[in-house]
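Input: one structure, supplied below.
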Amino acid sequence: MRSKGGSLDPADYVFSHDLRVRFAETDAMGIVHHAAYLPYLEEARVEYLRAVDHPYQTLQAEGTDIAVLEASVRYLRALRFDDLVRVHLVSCNATRTTFELDYLLTVDGVPCSTAFTAHACVNDRGRPVRLPEWLAGLATRPSTHR
Amino acid sequence: MRSKGGSLDPADYVFSHDLRVRFAETDAMGIVHHAAYLPYLEEARVEYLRAVDHPYQTLQAEGTDIAVLEASVRYLRALRFDDLVRVHLVSCNATRTTFELDYLLTVDGVPCSTAFTAHACVNDRGRPVRLPEWLAGLATRPSTHR
Amino acid sequence: MRSKGGSLDPADYVFSHDLRVRFAETDAMGIVHHAAYLPYLEEARVEYLRAVDHPYQTLQAEGTDIAVLEASVRYLRALRFDDLVRVHLVSCNATRTTFELDYLLTVDGVPCSTAFTAHACVNDRGRPVRLPEWLAGLATRPSTHR
Amino acid sequence: MRSKGGSLDPADYVFSHDLRVRFAETDAMGIVHHAAYLPYLEEARVEYLRAVDHPYQTLQAEGTDIAVLEASVRYLRALRFDDLVRVHLVSCNATRTTFELDYLLTVDGVPCSTAFTAHACVNDRGRPVRLPEWLAGLATRPSTHR
């Protein structure tokens, strides 16, 4: 079924953030509900921006928001309550107004999921604006998620 | 343990709204996660305001928001995936700037939960404002939840 | 950026389900949070199975669960609190053990989002099992989401 | 309106856990949605059990689950995106089969919320079972939340 998606090698990512699965994120199949992954990606994005010294709130203070244009997740191995999840990410494919991120989620080094999000910078009326240079400059390689 | 909480008799409530449990709202115990009840109460509040011809968005258009001051839920019987839940509610105890609601959740007529929320009307800077008369007028009895 | 994704024409879908946006599903950008779309798709899937007389709980009673292998959403126009969202869906590309669904979300007939999910039937130990014939038979066309 | 609720003095609590507000947890009022607090309390409970060397998963492995009987939250000051929240907690009022917890949420030392949860230990069929001695022994004082 389709392409195999993003790289399973943590070395292909430039940043990682650890988080622990909450019980509230599980579902009646005993595993993390598939919708709960998107806030994990978002939390990792926020920590990535902080790590590169451009916290999201600074962007917002400058009147720029980061809109989500697309999100895609492949579920390879279930995550479970209390798992310590490492979210690896890398910035890809920046254009004048958009950028993309690839993600790999691992537990104890075992790949559990890959994901991809595409974003646009928008002003406070939701209109696309040019990416700040530092943000465009984060893109290090094309996305491999598709 | 403490008082027995709100009335289990649907006749003590003035409005009801039906909703169906989503799979996303269950947890690894196989039942609806306890945090998922609060959006159920909120959905019922929104439908109640619509039913009394004061939809929430009209309030917002007038610059008034309804803040949550307190929320309390008693879990009597588990809700499960695909259950059709009837949320009964009644407005209680309005003051100049606050009002309260009591709730009863039933499935097939069987009480599963009671709940209570307290609210204030606030302006767009989050400052308390006087309740609109129609809203104060909805309060029909003291809360029995505690 | 990439392909344009799924069809924006409701006539390309075979089923639709209406739901109303909850306040709890909005975020501080004033719109529906992007993670909230996945439970919308799930709710539509559950109603689709009910509509074709194979409710999800019957599947579960037969020891079969439907796992999510992949989910992908394109966000075209923001959804907002209290919007009445129509989720259109169509089953695509069944294999021996997997099937896919394409989705279109509209508000007042205006396309707001397209989405795609891929699924496998699994037994109660999470192992892939052959799709029931009726489920494989629902697939009416290839996915256009990518 | 009613009693003022739980103690605002961190010294009245025995354990604290820090977490950061996710963007996904905010709502269109620009603050953390009131339902998002319950998973914060749950996360703190899980870390508390880990800190006293009885991780939740050990309980589960012994066939015991912790059901939520009641949850109550008072919202004093809004939490916002990216806030670093300290959840203070203390165990209260254990009986043969139930126990309670009081909580205080602070940001930069400023009280933002108090909360209370009541729990029962149940077996894998959901029937109440006697509290393990270590769990009953954690209760250090009566609840002050009401």
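A, B, C and D label the chains in the order they appear, each numbered from 1.
By our rule, a contact is a pair of C-beta atoms (placed from the backbone, for glycine too) under 8 Å apart; a residue touches a chain by one contact, two chains touch by 3 or more.
Since this is a predicted model, take the numbers as computed values, not measurements.
For the pairs A-B and A-C, the count of C-beta pairs in contact is higher at A-C. Ranked by distance of CA centroids from chain B, the top chain is A.
Chain B has its Cα centroid 35 Å from the Cα centroid of chain A. Work out the mean CA point of chain B and of chain C, and you get 29 Å between them. Rounded to whole angstrom units, the spacing between the C-alpha centres of chain A and chain C is 22. Counting only residues that touch two or more partner chains, chain C has 23-24, 35, 38-39, 42, 81. Interface residues of chain C facing chain A in the complex, by the touch rule stated above, are 1-2, 29, 34-36, 38-39, 42, 65, 67-75, 78, 93, 95, 98, 100, 118, 126, 146. By the touch criterion given at the top, residues 23-24, 26-28, 30-31, 33, 35, 80-81 of chain B touch chain A in their complex. Interface residues of chain B, counted against chain C in their complex, comprise 20, 22-25, 38-39, 42-43, 46, 55-57, 81-82.
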